[in-house]
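First chain written, first letter: the chains are A, B, C and D, and each begins at residue 1.
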Amino acid sequence: MQNNLSGIFPPLVTVFEDDELNLDRLTRNVRKYERRDLSGYVLFGSNGESVFLTRDEKLEIILSVREQTKKSLIVGTGSDSIKDTIQLTNEAADKGADFALIISPSFFKTEMKHHAFLNYYNKVAGSVMIPVIIYNVPKFTNVNVEVETIIELSKHPNIIGLKESTEIVPRISEIAANVHPGFKLIVGTASVLYAGLISGASGGILALANLLPDECLKVYQSVKEEKLDEALDLQNRLIPVNKAVTNKFGVAGLKAAMDILGYDGGNPRLPLEPLNEAQLIELKMILKSASFLE
Amino acid sequence: MQNNLSGIFPPLVTVFEDDELNLDRLTRNVRKYERRDLSGYVLFGSNGESVFLTRDEKLEIILSVREQTKKSLIVGTGSDSIKDTIQLTNEAADKGADFALIISPSFFKTEMKHHAFLNYYNKVAGSVMIPVIIYNVPKFTNVNVEVETIIELSKHPNIIGLKESTEIVPRISEIAANVHPGFKLIVGTASVLYAGLISGASGGILALANLLPDECLKVYQSVKEEKLDEALDLQNRLIPVNKAVTNKFGVAGLKAAMDILGYDGGNPRLPLEPLNEAQLIELKMILKSASFLE
Amino acid sequence: MQNNLSGIFPPLVTVFEDDELNLDRLTRNVRKYERRDLSGYVLFGSNGESVFLTRDEKLEIILSVREQTKKSLIVGTGSDSIKDTIQLTNEAADKGADFALIISPSFFKTEMKHHAFLNYYNKVAGSVMIPVIIYNVPKFTNVNVEVETIIELSKHPNIIGLKESTEIVPRISEIAANVHPGFKLIVGTASVLYAGLISGASGGILALANLLPDECLKVYQSVKEEKLDEALDLQNRLIPVNKAVTNKFGVAGLKAAMDILGYDGGNPRLPLEPLNEAQLIELKMILKSASFLE
Amino acid sequence: MQNNLSGIFPPLVTVFEDDELNLDRLTRNVRKYERRDLSGYVLFGSNGESVFLTRDEKLEIILSVREQTKKSLIVGTGSDSIKDTIQLTNEAADKGADFALIISPSFFKTEMKHHAFLNYYNKVAGSVMIPVIIYNVPKFTNVNVEVETIIELSKHPNIIGLKESTEIVPRISEIAANVHPGFKLIVGTASVLYAGLISGASGGILALANLLPDECLKVYQSVKEEKLDEALDLQNRLIPVNKAVTNKFGVAGLKAAMDILGYDGGNPRLPLEPLNEAQLIELKMILKSASFLE
């Protein structure tokens, strides 16, 4: 598979019913996304509640989504354990994953620096059957993979991209300008889609694309066509909604917004809880105020 | 098994050779500890590098240590996934674990508050076959289980204690004074052994007890016998060494110090790296300066 | 003046009326404190809202309090500017200050390390007419003066003590055991009064002593008389109240609690705001629940 | 004076000799900058070491720089004290300052939220003789003025702009799209010059413009002329240099880089220290590697 990491990828939410997987409802979402010009899907991103899923549940989900699409399937398979990461990645590949999205190890925070990250990613990338995408998400890991480390890792033939989930645009710019040719940087949140694309990113893995896929695609297209004003206007409408479904209300908010806009989010898994009534009202007001809901 | 959570427990390091488990070397350490008046052992604490171990490796280790001792075996089995936590805990119980040490869930940091912790611990504690000890360790998780939450959870019949790995003594004091009768608070680092015991803690799970078990026991005994000056003097000698084998040099430093003092630490597992020569020299100087090495 | 930095010192709140100083109300508080066995007073600690006071206001307050007492007057005179700090300290000494409490410089956070602190404190201490007490308060400065730095600075003949406003008891223990003879460590918050005194501290500068001076003195006396159980019981009653008047409700809460218990706190200065009705009710419940209010 | 807050403004470093002001050397820098198409100057920004300057030194500097230029003079006059801020701002206006750059109050971190910021800025802006620019710089203050607060404050007729010193481009975008007409957002660090301008900022107050004024102006001009590729290429050359003279080496690095490139930086004031030899070599390599030094 060639490295076609550009465009928009929704990191799919996992649909639960009575706290158990409901694959039918999940694949119904996928069928709706399939009618759009999305580049593929991410399974087991942060907002996919991957930390609450068992290994067996993950493999089931891959099989099920793989049946629905020929597009790129990027699958989150990383953990602090190199052994577990390699094993799960290869099992995922076996079930149909195209790329492995591998979150930076993070438990021993003070030791997770340049050398430890090189050790980790080089070992993993050399032992798995599908290409690796580094996943840097300090808001969840409380560690940061430095620019120099990314540049160094970009030389590995089986490390082909970075999902950068900070809003620090200078990082995007500096990384994109200095990595090995062919290595792609994908922004990890819709808030920096416009600025990221203009600074060298090739696409976005965007929680927001679960509920507003067309609008995310539109920002992407407008930038490609150099219609900057149009892109910025739409970007500015997306920012408050993106804040609501990520930092403000978290996964519960993301799923609630999907429900409101005609997709199927449902409740988050325990220990998370669904939004309460007041939060739901606030969420609707945010959607209305940005004109995504009447 | 009654709730005898008092005294000193070393959280055993996991011994690797060529990056693979070496159970013989691990159990040789245990046999040395068995000659001391320790209260039991912890497997898969943070410094046991539990995040680098697979499920199968963990079960093997439990079986192997269980054979060496009749003392309490406290086993770390927690992760963000409630399902995985319940399953691993029950498997561990099956192999001989007496208590489950369950680290707080932490991935979704902003949501990990009072209600989510109640959801998590009540669900887990109600579904496992052995008593649960809460493990609060903000330096690794970047979340904190509040005093009020601990007090609330202490009422659950199957939640019997807390490993508190901060150095915030007022937390220890307030928790110990307000939890349900019988619930025990164990300090999680040797730096607060003396002050913790004097403030209501019943014991310590101390990385330092891997290398200086007798000295940790001596602080404990001196406090019990109300020889406070003696206890404080020894505590003050322990503090710089404890800093070296935790915050300063991490697991690699802990293992190196064990090697220096006649136990078997070996190298940490990848992606961690052993100390370099300069660090080793500094570590030895710290041990000498505290008179634990000639 | 000899170094008698032991016992309990209230860091006086500054009383405002219509957002301007009211010295009469302030000195009325002092007259009440004078009837207790307190060791002295601190002016312009953090909770004295020193950052909201002008230089002229500060000098006025010193004069006014000096008239009311022969006890030690410790005066906060530090800022990032060495020049300003020296000048204000000498003016304060001129008005009657006995000791200068000098907060660590903190603006350039990443540079405020060992050498910068040595530069700063050595220069200031060598240029002022009264002895210097280092003030380490990371919750406000976001920098930390390391143990090694304190030990080094303790050798300066004009640096005679440390107000340590963290709750990290191992720091207290390690510092107290290693500083130059005669250098005193005073805890900076009532939550660690008991554990700090037992670990080598000589006293406390305690916001809580503005409202509960007798109780703070009682903990101090009980520890001196080795009545540890009594001291710990009272300490445990103080902890929730101390939390309320510091971290939970800040200066506004401290002043409100003083009003409730018969002292004169009044409103904080702008931009701070007084507690609202719901907060006041919660504060009263905390005082009642700890039996300091009927 | 009309609100012409656009273009590039160097926040001037303060030149010291033997730790005392040297106004001649400072004004010699200004004369060099005067030959460029800069929009004005900032005095007493963070990198101007304003926290180390006395009030009298500040007034002297204003007078001296005012004599050299007819361009906009933006002067940092804020502190936590509303009284001091108003007084210093009016004195600065008296000496020739055109705008007051007022850093957010920050001492009582947990209280510095929406209402406190409204209290502070509304009171100050209503009491000073020159227009106010809000200065948000969390890396030094450890507080953040929220987007909603900025939008609210932008309605005040005497609050005319924001210096935003984070690299969070979505903040820039959201603020610029929602503030009161005429209110300007200026980025506070060169790393986000390109992305900020493209997202709605009107200019930059850039430490980097002390050493590379022409290059900063060039990025600005290229964006105005919609030569995005050119702007991005230059931006990417500036990023590593900007990192070196801000986060990596701080004020000492900024001043050293000025010395290397033909301006006059000199040493920082105590307690800061100049770069050591190894750091100087690294700094030169960074400048060479970006082709700003042969």
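Annotations
FYI, a residue touches a chain if its C-beta (ideal position, glycine included) is under 8 Å from a C-beta of that chain, and two chains touch if they have at least 3 such contacts.
What you are looking at is a predicted structure, and each value in this text was computed from that prediction instead of being measured.
Any chain bridging subunit A and subunit B, meaning touching each of them, is missing here; the list is empty. Centre-to-centre separation of subunit A and subunit C, using mean CA positions: 48 Å. Between the CA-based centres of subunit C and subunit D the separation comes to 35 Å, rounded to the whole angstrom.
For subunit C, the set of residues that touch two or more other chains is empty. Taken pair by pair, the chains that touch are A-B, A-D, B-C, C-D.
Against subunit C, in their complex, subunit D makes its touches with residues 46, 51-54, 79-84, 87, 105, 107-112, 115-117, 119-120, 123, 139-140, 142, 247, 250-252, 269-273. Listing the residues of subunit B that touch subunit C in their complex gives 167-170, 173-174, 177, 191-192, 194-195, 198-200, 228, 232, 235-236, 239-240.
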